[in-house]
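Below: a set of structures, written as structure tokens.
Here chain A shows up in two complexes: once beside chain B, once beside chain C.
Coming up: the complex of A and B.
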């Protein structure tokens, strides 16, 4: 690979989109394919300025279908390739990512959520959870990291490339417009300096030798003739996905052991929830939080353990129950009461969370 | 001498006989392509991409690394591949529905960006795999499952002129031609020039091949050839539409 991107660990103050571009460079991403949509544009802007300095490439495609399918072509060529999108672009992205799921392609997609449905707002939401975790005509065999801070955007963008190339399931970093556009301090670093080994990419096609003479041809398809043939293929992937799920799943929890109420949230909303929980604890309220970092796969075992002990659950999200649907499926069978604070397309403050908790615990 | 001519070396023998219907044009196009691949000796660095529709049946046709993609999306997959590995040669193989309808934006933009890939498109004037629906290339008056009384240009327009469109979009470096399974010598020549255009790094290359679908046309052998040689050329002129370095076009008709 070309020269080192980040020679020494350093503090930086930048927007989330800039963070993603630096993280992709640090992770050794070789090519980005992208189509303009707010609020992810600056990922492309920073990438197109930085990439040539490090021998990396960029292609602006005609739409997100093309951005996704060129990314698929890029990874099949054996290059670490990625794209970024949002909202209606994420809708189009589902077609190429369903092919990536079927063909087990290590694509990386950064999603900066905007409001929905439709074009809605360019600002913020958590309304792309369903689409990003289980969108497409498939079984949702994907890895989705939902970040809350710029440090996490950096850490998990690097991790996304490793997860994709290690497990060969399409991998997503799920951010949002707030994270994309806000400036915040973080530490950027070279993964090797932190002892993080990067999984090397490997070509699917175009390997050494003449196919059929020196080696069998590498032939990839997503079309099957027989139901049984497809069933076996999908079930083999399902069983592999279920096997890796416990080691992929990540979460953060605090104060859940003795809690009267556990708040469940993800992404940037976690910042408000963590602050509210700290305040409420200071006031002697028995509250805690449980925050899945991976929305696919969810940390199911730990989630069920938590739900088993909790007296009540409060689900908080900037959507009308998209995390809630995933959560309830994982928690199915528990009798614990689940309450909700849904603010589709709207930011949530610590004060609002605190007030809601007090209303519940009066 | 063997009673039948030998298969191209680049064909994958263990997947023959191929999966196309009797009388289908794909086998002829892919035979020409196989011969050109052999002649250019590019089997070791050529990636073959195929679309959805009958073209997908070519996913294991060659002894080539192959990617079967989605309907209309073979151009972007091969574009992504080529951009990531410029040392490879990339072919996107598709039908007229994939190239001119659902994937038209990809074809147009790949030609406009002068992507260094080769697109080969079989034009059989309808959607064959799905049972014979009208396509952008269906001839006026031609009956299909979605134009059962014949295509009415008042309602649904005239047959789309693919190589002419690519020729109009493409700037210097673009190669665009239309051949036919009715003239294999010419088709082979166009395919060779298209691939040479990519090998020499000049730019985008595009060959439409007039093809046959007796299954959906519901034609016998005589009617099939008559359709290819007499009906289709009324709207689709064979020849080279754009050749890098002006003045070298091979202009022919039928």
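Coming up: the complex of A and C.
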């Protein structure tokens, strides 16, 4: 287990799925549970190739329900466990992740979004935002990182394990089919070499001592008899989630101070937006961008500050308003005009963004 | 070299466009450039037009897909149709002149159209199996994103284990690469 996965920092050129497998290894993940679905398959493939070399394990389950529940079981046994899925698999994953939310289990799920609804395409979308952030029959007490580059895929997969084990809320890395399949350079490293300490896992069950005397009893329930009892439990989680939200929330912004128009986006679409904003700035247009890295929790304070100053907002996403719904809820009360560029299941290029901005700012 | 070069490669499954794209992107990365390669992929396992998108730059690269390519290479009649939308006034459109029945099908808005007899040359002068290496040469010749020497190093890295067993293959591949590069020299230079 203590064997170093990455001895020295190095530049790599690989697919996003391979990046996730390396990051999970570097983060000290001990076991992956999974069921194949495009476009995340290669996470499993690379993991099964690499894991035995470092004494890690893999279990292929019969479906995503099982992959989710075994991941929950793995963390209860005190193992850093994770799974990866996409599309219809993510739909099934909601049932076990609801249980993880209820029992406060530090599960890590990597989602490579594909087109929806249903089987749709195996290619790409940003249509799993609602599902990943607030899916399941609960209150969406989850942490969701939406990545844009291979470097972020590596960094945030490592971070996801720490966030999960520190805060004990189910944690997700939200990628997409483009990120899964494309190749680009990144630097892979051992977290310790960068001064990143990994939160050690600990078992939830089978602990030493007498419950109630030496330690609190291990009561991990997902069933309640009384409304009041459930209310108390959910409200305690909500209040803890709201308390940690400001320190978990991350974002990236530029040029928002004097902007006539601020573009809001997340994930891989940010690449097109950043490119378009740089070009438009060169042409003397006052535009900026605001990109939440965490979609749950959103960086609400900074988002509201930005909206308060912005003249207009343009929401850009490869879905029909899934980021927009989260954004508008957080921005509620502001009179700033919100415009949209929605391309459900379709990639967005910098050229399209630039054209749309020019149409708005004529 | 321009700051950012965008390349679209399209052909029938099995023609090796994804391999060419991968070798090209890896070679550029080896040279310390920023490179991004993404294949198109669908539910079909076989058949259909295979398209690869490659971007090579000195700076950080934006969206993985794009609207217009600087170099668009089509290796079958279906690929010629499929890639029309990536062609603009700045595009060098390269196609295999062995393809029959393309009268009136070639993009009229391209900056330059370059026919290359790659299939024929592969068959007559080399071996059908080096067809994709000829195409790699053509991409290098038309785009200049890496040098011929760098392309050779990339081919060596990829096929070196075969060359060790059969040294004559190295010569065959390198000559195919040079021949391909020579076929696709743009008028503009």
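Everything that follows uses one rule, which is that the second predicted complex is superposed on the first by the 350 of 362 C-alpha atoms of A that agree within 3 Å, B and C clash if a C-alpha of one lies under 4 Å from a C-alpha of the other, contacts with A are read in each partner's own complex, and residues count from 1 in each chain.
Criterion: a contact is a pair of C-beta atoms (placed from the backbone, for glycine too) under 8 Å apart; a residue touches a chain by one contact, two chains touch by 3 or more.
Predicted, not measured: the structure shown is a model, and the values here were computed from it.
**Student:** Based on the superposed arrangement around chain A, label chain B with chain C as either clash or fit.
**Tutor:** With chain A aligned, chain B clears chain C, so fit.
**Student:** Mind working out whether A:63 is in touch with chain B, chain C, both or neither, as first, second, both or neither?
**Tutor:** First partner only, chain B.
**Student:** In the superposed arrangement, does A:39 touch chain B (first), chain C (second), both or neither?
**Tutor:** Only chain C is touched by A:39; chain B is not.
**Student:** Check whether A:219 is in contact with chain B, with chain C, with both or with neither, and answer first, second, both or neither.
**Tutor:** first
**Student:** Examine A:341 and indicate which partner it touches, taking first as chain B and second as chain C; both and neither are also allowed.
**Tutor:** Neither partner.
**Student:** Is A:324 touching anything from chain B or chain C once the two structures are fitted on A? First, second, both or neither.
**Tutor:** neither
**Student:** Going by the contact rule set out at the top, does A:275 touch chain B (first), chain C (second), both, or neither?
**Tutor:** A:275 contacts chain C only, not chain B.
**Student:** Quick check on the superposed pair: does A:181 touch chain B, chain C, both, or neither? Answer first, second, both or neither.
**Tutor:** After superposition on chain A, A:181 lies in contact with chain C alone.
**Student:** Identify the partner contact of A:81: answer first if only chain B is touched, second if only chain C is, both if each is, neither if none is.
**Tutor:** first
**Student:** Is the number of chain A residues in contact higher for chain B or for chain C?
**Tutor:** Touched residues of chain A are more numerous for B.
**Student:** Who does A:121 touch here: chain B (first), chain C (second), both, or neither?
**Tutor:** second
**Student:** Can you report the least C-alpha distance between chain B and chain C in the superposed arrangement, rounded to whole Å?
**Tutor:** So the smallest C-alpha to C-alpha spacing between these two chains is 26 Å.
**Student:** Could you please specify the touching residues of chain B with respect to chain A in the complex?
**Tutor:** Within the complex, chain B touches chain A at residues 10, 12, 43-45, 47, 52, 56, 59-60, 62-70, 73, 76-85, 88, 105-106, 108-109.
**Student:** Once bound in the complex, which stretches of chain A touch chain B?
**Tutor:** For chain A paired with chain B, touching residues are 30-31, 33, 57, 59, 61-63, 65-66, 69-74, 76-79, 81, 95-96, 99, 203-207, 209-214, 217-223.
**Student:** Which part of chain C faces chain A closely enough to touch in the complex?
**Tutor:** It comes out as residues 22, 25-26, 29, 34-43, 61-68.
**Student:** Which stretch or stretches of chain A touch chain C in the complex?
**Tutor:** 11, 13, 38-39, 121-123, 178, 181-185, 268-269, 271-272, 274-276, 347-352
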